[in-house]
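In the two complexes that follow, chain A is the common piece, with chain B as its partner first and chain C second.
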Partner chain A sequence: MNIWERLGNLDHRIYYVILIIVVGIPVLKPLGLPIKVGQPAQDFFDTVDRLPEGGKVLVFINYRTDCIVEMDPQLICIFKHVAQKNGKVIMVSGVDEGAMVSQAVASKVAEELELEYGVDWINLGYKPGGDVFMKKMVDDFWEACAYVDINGQPLDEFPIMHGFNSLAKADLVLNLVAVVPSPGERLLQMAIIPTKVPYAVGTTAIQATSEMVFYSSGQYQGLLAGLRGAAEYEFLLEEPGDAIAGMDSQSFAHILVIVLIVLGNLGYFLGEKKREG
Partner chain B sequence: MKTQVPYILTVAAVVLIVVSVFFTFIPGVSVEIDQWYILGTAMVCCVGLVNLTSVHIKNIKRKGRDWDLSILLIVLTFGYLIYGLVKGPTDELYAWIFDSTEVPLGATFYSVLAFYIVSAAYRAFRAKTRDAAILLIAAVIVLLGRAPLTEAIFPFFGTATTWIMDIPNTAAQRGVILCAYLGAFITAIRVFLGLERPYASIGE
Partner chain C sequence: MEQVQLWLAAFFTICIYSMVLYKDNKLFRFAEIVMVSITAANEIVLTFHNYIKPAVTVDIVRDKKVWLLIPIILGLFMYSRFFRSIEWLARFPMAFFLGVGAAYVLTKTPAIFFTQIQATFLSLNTINNILFVIGVITVVVYFFFTVPREGTFIKGASETGRIFLLIAFGASFGNTVMSRISVLLGRLQFLLRDFLKIA
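And then the complex of A and B:
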C-alpha cells in the first residue's frame, strides 16, 4: 500500500479526533478571525434598524432544540437590537418545542437588558394550526392565540398587547426558521403579502439555500444564514457573543472537510492508477 | 357511508371557504372554519398521546420486548404532562427538566452530523463522474466562501459563493418550488372532485 492509498484509507477515529481538536481549541481559546458582513445579514440589520422608536416586533420561533446553537444567538441579537430602539418583542411559536426554547433564551437576555415581561416583551407560547393560524393572526390575533400567553395568563393583563389585535399592527415581523416545510415562505403567503408588513427571516446554514430564493426576490427584506449570519449580526451590533466565538471553529472545521475531500480523492485516483498499472 | 360523508364534508368546507373568501355575502364563515381547524390541530396532540399510551400499555400487558422501558415511558410522559398542567411551562423545575434533558439531547443529535459530514466528505465525496466533479467543486467553493478565515485570505471565494447561492441555487430552488405548488394545487383539485380520497381507507 503506497502513501496515497494509505491517505485514502485513514481510520475514521483519526479524523474524528482531529475534528474534535479543530472545533474545540478555538472554542476554548478564540482566535478572533476577521468577519466580513454579507449583504443578506446587512439587510436584516438595516430592516430591524428601521424600526420606529417604541415599535412592536412580532418574532416567530420556528426552531427546536436541535438548532439552538445556530438560532439562539440570532434571537439574542434581535432582543438586543430591538431594545436599543426601545421597541417591544412579541414572541410566538409555531413548533412544539419553540416556546420553551425561546423562553429560556428570552428570559435570560431580558433580565440582562432589564426588560419587563408584559411591557417590553411577551412570550405567547406554542400555537398550533400552521398556515391557518398564520392567516388567523391577521383576522383576529387574540383569538388565534386563544387569548392567553405561555403561562395561560389573559392577554388583556399585559400592556404590550393592548391594541395589538392583528398581525398588521406589527411594525416588523421576524421569523426564525429551522423546520421543513419552511414557515418562512408560508407566513409570507398567509400574512405578509396581504398585510405588507416589513419581514425578515433567520435560518440555519443548511436551510439557507431554500430561503435564499425569497431573499433574492425581495420578499424577505433580510436573511440571517446560520451561525455565520448570527456572527455578522453580532458584529454589526458591536455585541460579540457565542456566534462570533463559534466562527473560528467553523473556519477550521470547513478547512478540515476540504483537506479530507482532497485526501480522499487523491487516494482514490492515485491508488486506482497504481492498481491499473 | 365511510367515504361519502367525508367527501360531502370536504366539498362543503371547500365551497364555503372559497365562496366566503372571494365573495362577501357570507362574512365570517371562513374565519369560523379557521378556528375549528386550529382547535382540530391542537386535538391531534391528544390523539398522539392516546396512541402512544395504547401501544405501550399493550406492550406492558403482554410483557413484550423492553416492557420495563414502556413503564418508564408512560410514567415520565404522564408525570411531566401532569406536572406541566399544574405548574405551567415556566415553572422553575419544569423548565429545568426540559433544559437539562431535551435541550442537550436535541443539540447533541444535530452536532453528531458534523462527524457524518466529515466521514462522508472523506469516503464518499469523490469526483468519479463529471457531475460529481461539478458538485464537488461547487461544494469546496461554498465551504471556503462561508468560512471567515478563507474568505478573508481569498476574497474570490466569497464572491463566488454569493454567485452560486444567488444564481444556480435560486434557479433550481424556484423550479422545485413551482413544481411542488403545482402538484399541491392539482392534488387539492383532485381531492375536491373526489378523484383522490385519502380518507377512503379509514377503519379498514
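And then the complex of A and C:
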C-alpha cells in the first residue's frame, strides 16, 4: 500500500481532529490577517450609511441558533452603524428561534451603546405567517404584529412605534436571512417591490450564491455574505469584533481544505495510473 | 444560573460532536432529541403567546372583527385529517392555500424574474460583462432540451454552459465549506473562550 492509498483509506475522524486543531489555534492566538472589502459589503455599508438622521430601520431576523456565528456579528454591526446615524431599529423575526437569538444580541449591544428599549430600538418577536405576514406588514404593520412586542407589551406603549403603521414608513429594510426558501426573495416580492423601500440583505456563506443573483440584478442594494461579510462590515465601521477575529480560523481552514482537495486528486490520479500500469 | 447555562451548552456541544469524533451513540441521540423537542415546543408557545393570543384579544374580542373567525375555522379544518369521518373538511383550507398561492406566484414572481432578465442586458465593454452574458446564454442553451445537441454551435455552447455551471457549483461548494467552518468556529470560540476561558 503506497502513501496515496494510505491517505485515501485514512479514518475520517483524523481529518476532523486536524480541522479542529487548525480552526482552534487562531482562536487561542489570533494572527490578524489582512481583510479586503468586496463590493457587495461596501454597497451594504453605503446603503445603511445613506440612512437619514433619526431614520427607522426595519431589521427582519430570519436565522436560527445554527447560524449565529455568521449572523450575530452582522446584527451587531447594523446596530452600531444605525446608532452612529442616531437611527432607530425595529426588529421582527420570521423564524421562531430568531426572536430570542436576536434579543440576546440586541440587548447586549444596546446596553453597550446606551440605547433605550422602546425609544431607540424594539424587538417585536416571532411573527408567523410567512408571505402573508410580509404582505400584511405593508397594509397594517401593527395588525401584522398582533399589536405586541416580544414580551407581549402593547405597541402603543413604545414611542418608536408611533406612526409606524406600515413597512412603507421604514427608511430602510434589512433582512438577515439563513433559511430556505429565502425570505430575502419573498420579502422582495411581497413588500419591497410594491413599496420601493431601500433594501439590503445579510446572509450565510452557504446561501450567498443563491442570494447573489438578486444583488447582481440590483434588487438588493447590498449583500453581506457570511462571516466574511460581517468581517468586512466590522472593518468598514472600524469596530473589530468576533467576525474579524474568526477570519483567521476561516483562512487556515480553507488552506487545509485546498491541501486536502489537491492531495485527494493527486491520490486519485496517481492511483489510477498505477491501476492502468 | 449563567453557570448552569454554560455547562449545559458545553455538555450538549460535546454530545453532538461525539457523533463525528467517535461514533453514533446515546449521548448524541439524547442531544438530538432534546434539540428537536425544544425547537418544536418553542415554536408552539411563541406562536400562541406572541401572535394568536394578542391577535384574538384585540381583533376579535376588543374590536369585534368577527369575520376573522372564518380563517380560524378554516385553519381548524386542517386538523380534521386526524378524524377519518370528517377528514374531507381539510380540503377546503388546502384548496384556499393552493388558489391563493398559485395566484400570488403568478402575480408576484414576474416582477423579480423580469428584473433579472433585464439585468443581463449589459454593454459588452468589460471582461466581466462579456463573461456574464456568455455565461447566461450558454447555460440557457445547456438547459434547452427541445433541440438535439448536435452541430458545432449548439454542442459548443452547451459544453461552455456546463463549464460555467461547474464553476458556479465550485463557488457554491467553497461557500458551503465557509459556512460549515463558521459553525465549528462558533462552537470552538464558545468552548475555549466562554466555557474554559483559555482564549
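Basically, the second predicted complex is superposed on the first by the 277 of 277 C-alpha atoms of A that agree within 3 Å, B and C clash if a C-alpha of one lies under 4 Å from a C-alpha of the other, contacts with A are read in each partner's own complex, and residues count from 1 in each chain.
Here is the rule we use: contacts are C-beta pairs under 8 Å (C-beta built on N, C-alpha and C of every residue); 3 or more make two chains touch, one makes a residue touch a chain.
A quick note: this is a predicted structure, and the numbers were derived from the prediction, not measured.
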item: First, second, both or neither for A:10, with chain B first and chain C second; value: first
item: Touching partner for A:219 - first (chain B), second (chain C), both, neither; value: second
item: Touched partner set for A:233, first chain B, second chain C, both or neither; value: neither
item: Partner chain in contact with A:148 - chain B first, chain C second, else both or neither; value: second
item: Partner chain in contact with A:263 - chain B first, chain C second, else both or neither; value: first
item: First, second, both or neither for A:188, with chain B first and chain C second; value: second
item: Which of chain B and chain C A:139 touches, first, second, both or neither; value: first
item: Contacts of A:104 with chain B and chain C, given as first, second, both or neither; value: first
item: Which of chain B and chain C A:34 touches, first, second, both or neither; value: first
item: Intersection of the chain A residues that touch chain B with those that touch chain C; value: 16, 19, 23, 66-69, 97, 99-100, 125, 127-129, 143, 150, 152, 185, 205, 208-209, 213, 216, 228, 250, 253-254, 257
item: Chain B-facing residues of chain A, complex; value: 10, 12, 15-16, 19, 23, 33-36, 38-39, 64-69, 97, 99-101, 103-104, 107, 125, 127-130, 132-133, 135-136, 139-140, 143-144, 150-152, 185, 205, 208-210, 212-213, 216, 228, 231, 247-248, 250-258, 260-261, 263-265, 268
item: Contact set on chain A toward chain C in their complex; value: 13, 16-17, 19-20, 23-24, 27-28, 66-70, 96-97, 99-100, 125-129, 131, 143, 146-148, 150, 152, 185, 188-190, 193, 204-209, 213-214, 216-219, 225-228, 242, 246, 249-250, 253-254, 257
item: Residue ranges of chain C in contact with chain A within the complex; value: 20-22, 39, 42-43, 46-47, 49-52, 54-55, 58-59, 104, 108-109, 111-112, 115-116, 118-119, 168, 171-172, 174-186, 188-189, 192-193, 198-199
item: In the complex with chain A, residue positions of chain B that touch it; value: 31, 34-35, 37-38, 41-42, 44-45, 88-90, 95, 98-99, 102-103, 105-107, 109-111, 114-115, 117-119, 121-123, 125-128, 136, 139-140, 143-144, 146-152, 155, 158, 162, 165-166, 169-170, 173-174, 177
